[in-house]
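Per-chain residue numbering starts at 1, and chain names A, B, C and D are given in the order in which the chains are listed.
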Amino acid sequence: MQKVFKNAKEAISDIKSGMSIMLGGFGLCGIPENSIDALVEADITKLTCISNNAGIDNVGLGKLLRKHQIYKMISSYVGENKEFERQLLSGELVVDLIPQGTLAERIRAGGAGIPAFFVPAGYGTEVQGDKEVREFNGKMHILEKGLRADFALVKAWKGDTKGNLIYRHTANNFNNMMAAAGIITIAEVEELVPAGELDPNCIHTPAIYVQRIFQGTDYKKQIEFETTSD
Amino acid sequence: MALDKNGIAKRIAQELQDGYYVNLGIGIPTLVANYIPDGMDVTLQSENGLLGIGPFPTKDKVDPDLINAGKQTVTYVDGSAFFDSAESFAMIRGGHVDLTVLGAFEVTENGDIASWKVPGKLIKGMGGAMDLVAAAKNIIVAMRQTDRDGNSKLLKECTLPLTGVNCVKKIVTDLGFYEVKDGAFVLLERAPGVSIEDIKNATEGNLVIEGDIPEMKL
Amino acid sequence: MALDKNGIAKRIAQELQDGYYVNLGIGIPTLVANYIPDGMDVTLQSENGLLGIGPFPTKDKVDPDLINAGKQTVTYVDGSAFFDSAESFAMIRGGHVDLTVLGAFEVTENGDIASWKVPGKLIKGMGGAMDLVAAAKNIIVAMRQTDRDGNSKLLKECTLPLTGVNCVKKIVTDLGFYEVKDGAFVLLERAPGVSIEDIKNATEGNLVIEGDIPEMKL
Amino acid sequence: MQKVFKNAKEAISDIKSGMSIMLGGFGLCGIPENSIDALVEADITKLTCISNNAGIDNVGLGKLLRKHQIYKMISSYVGENKEFERQLLSGELVVDLIPQGTLAERIRAGGAGIPAFFVPAGYGTEVQGDKEVREFNGKMHILEKGLRADFALVKAWKGDTKGNLIYRHTANNFNNMMAAAGIITIAEVEELVPAGELDPNCIHTPAIYVQRIFQGTDYKKQIEFETTSD
């Protein structure tokens, strides 16, 4: 079983218009840069993108927004993006905002075969909507559903030829859960090594969740707010 | 004299206890990190997946893979751990974080909080705020007590969309330190030089003042 | 001639495909590992937290921190990963495991399975069997077709407490290979030398035999 | 904040009769040997023990069973233990059997503040009982609840003075989730190192979940079924 693909273009070649895609990353940290660039070059539109954020103007998901490839964003925070604002206000873009922890847990549940679960976040707010409400331990909770996607595009630090992944620092964020929640998961890594080189006690995403993997190139790793002490 | 941002942060820092795990929101709450008492062991959680935030890096140590929840570059301290967002909010939702400090547009006498959305202005999203307020054992809100026009932000009911209900436990504003209890803002301390009258004028919700109210010691 | 344990395991091994992730239960299912075709990439999952079970260790490589779900000492192959039990069953429940092979006391024509408890005998617990049968995309049961007294174990309804309902997809017994479909045991292959009559006599549930039924090629 | 305790006796000194305790381990692999021995020596009874298994005769939880310190076991598999059988048949011991994956997820949910969630395991069996049943995606599920305990006793390979833990091989099993689900979690480790020595990208249990930690001694690591190829 060959999971190793040559590059992003080859790995994403069967993603089609109208599909749902999860994309890892928090802000611009840990985003699948190569896969996003390949999507931008491909003639794919009407995507539903599940990602904590929506990139910034012309970086990350901002590139897909600019080319009007996204029909709907499912995110927790979408600030810092003028083109996003414009499309949202003009009605070109549909946005579903979900509390960050609920989004993370819905993705985790999707990958773990849990169709629904109760959380306190959002109770009494507009997030509650017509969701089922129930009291547990004297506290009100709302019922949230597991979330999967046709494809998950994740970015890891190191990966092996079987598909095991290790993330670096805070570049893990949503990548680990999304890997498990994609019907097909495509991982791009900074360093692809032969199976057996990674410490099996230190794997974040076991290979069973990863269907395709490729060695990424030219990572820009742009910083949104460079803040220093000097 | 009303407190400035740093004054508010200083007062909140006095609520820290040894061994606390703390989540600091964006804005004034972030400043609390500057006033952790020397020798006190306080661990800062960042909901994007870090337990053990350190100071901002020097220019040569900036690392794009190492940011806080405000997307600023940070460092990590000895004994830190990195993890994914589901684990991060498991910590928060499970009540493992001892204290959450965050900003707000409005707070009510019942502990409701509005902090994420102003109708008519652009919607940026709630990020982790709803998860934090719904789950934290202990929430302190850091805010100015009135808006630019002098209207109170300590209200009977929120006018803006809610972030959470019945969740705020304490508030530190530029004017005072309050406990939210039994449907009232119970005044615990005045900011230095601020009068009871000043506070009454800046509080729309139910305000409880019992006995002598001491000044903050900063 | 009816198959022995190894024969059953051999036939099941023919159902493996390149790239499969497989969970093998205790007993006959474990033997399937011995018949994985050369050059085929099959990864074995152990629900106590290992993806990539290797052969049993040589005496000098025995490691008490490295066991399978049957609590036997094992090894791990290159490219393995260790994880906790919640993650392990997330894999199983989430449908990431391609094939589950397990034993059973009884199976019904609807795919119900009883495999964990015999009333009157001591209850040992279901372990991971209920999770596996409820969640696996593809379940093959490995079992003898009759009990010691010659009573069929392919039934209309289970007489023993259930492990799961409507879940078994295929069955390999000492007598034949069956698909469970539309409320019937559909006979696909006979064990070498076993007659249709032998199979009919050993099947209590609804048995479907269409056309010539080939012998297994082992 | 000093989390480091001298030994098991000191760390468990406030565990009282009648309390609920989670104990990590799968079979005898990864069990908190030192803490169990300290419980055996302490005058504590009527414990509710949540553990995947119940040890074997006079090893692991078998030691507590022999001294009649356990009132109730919540487990998935309790074979391989004659004293257990005797107490169960005589009515001295109450046993609650839970599918292993559901048990693992209930503990994970308990630590993660999720009061209830739906799973397919046990539907149509006696495990279903009077639990709520609901169909999702054409498949029946039952509602299961999060589980916590007064104390969690876990065993790790390496730990640091802040309480971060790393497990070795399959000795992780239930330990990681239990660490998060204990109101007070006591970790015993084979090697206790100063904070900063463990790779922060390779921590299994972040320190926030661990209230007490101590350096264990004299690990026996008994093997239930030594199976070799030679």
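As a working rule, a residue touches a chain if its C-beta (ideal position, glycine included) is under 8 Å from a C-beta of that chain, and two chains touch if they have at least 3 such contacts.
Quick caveat: nothing in here was measured; it's all calculated off a predicted structure.
A.B. asks: By the touch rule set out at the top, what is the minimum number of steps from chain B to chain C?
C.D. replies: Between chain B and chain C, the shortest chain-hopping route counts 2.
A.B. asks: Express in whole angstrom the distance between the two chain centres, defined as the mean CA positions of chain C and chain D.
C.D. replies: From the centre of chain C to the centre of chain D is 29 Å.
A.B. asks: Starting from the mean Cα coordinates of chain B and chain D, work out the distance between those two points in Å.
C.D. replies: 36
A.B. asks: Hey, how far is the Cα centre of chain A from the one of chain D, in Å?
C.D. replies: 33
A.B. asks: Return the residues of chain B touching two or more other chains; collapse runs of consecutive numbers into ranges.
C.D. replies: Residues 76, 82-83, 89-90, 92-93, 135.
A.B. asks: For chain A, give me the residues that contact two or more of the other chains.
C.D. replies: Expected reply: 105, 108, 112-114, 119-120, 167-169, 200-201.
A.B. asks: Chain touch graph shape: choose line, ring, star, complete or other and state it.
C.D. replies: Graph shape, chains as nodes and touching pairs as edges: none of the named types, so other.
A.B. asks: Can you list every touching chain pair?
C.D. replies: Pairwise, the chains that meet the contact rule are A-B, A-C, A-D, B-D, C-D.
A.B. asks: Using the touch definition up top, name the residues of chain B that touch chain A in the complex.
C.D. replies: For chain B paired with chain A, touching residues are 46-50, 55-59, 62-68, 70-74, 76, 82-86, 88-90, 92-93, 112, 122-132, 134-135, 161-166.
A.B. asks: Give every residue of chain A touching chain C within the complex, in rising order.
C.D. replies: 1, 3, 108, 110-114, 160-162, 164, 180, 194-196, 198, 200-201, 203, 206-209
A.B. asks: Quick one: which bits of chain A touch chain D in the complex? Just the residue numbers, please.
C.D. replies: Against chain D, chain A makes touches at 105, 109, 112-120, 134, 136-137, 141, 145, 166-169, 199-202.
A.B. asks: Within their complex, state which residues of chain A touch chain B.
C.D. replies: 26-30, 52, 75-79, 85, 88-89, 95, 97, 99-105, 107-108, 119-127, 157, 167-177, 204, 221-230
A.B. asks: What part of chain C is in contact with chain A in the complex they form?
C.D. replies: Per the touch definition, chain C meets chain A at residues 18-19, 21, 41, 43, 45, 51-52, 76, 78-83, 87, 89-97, 135.
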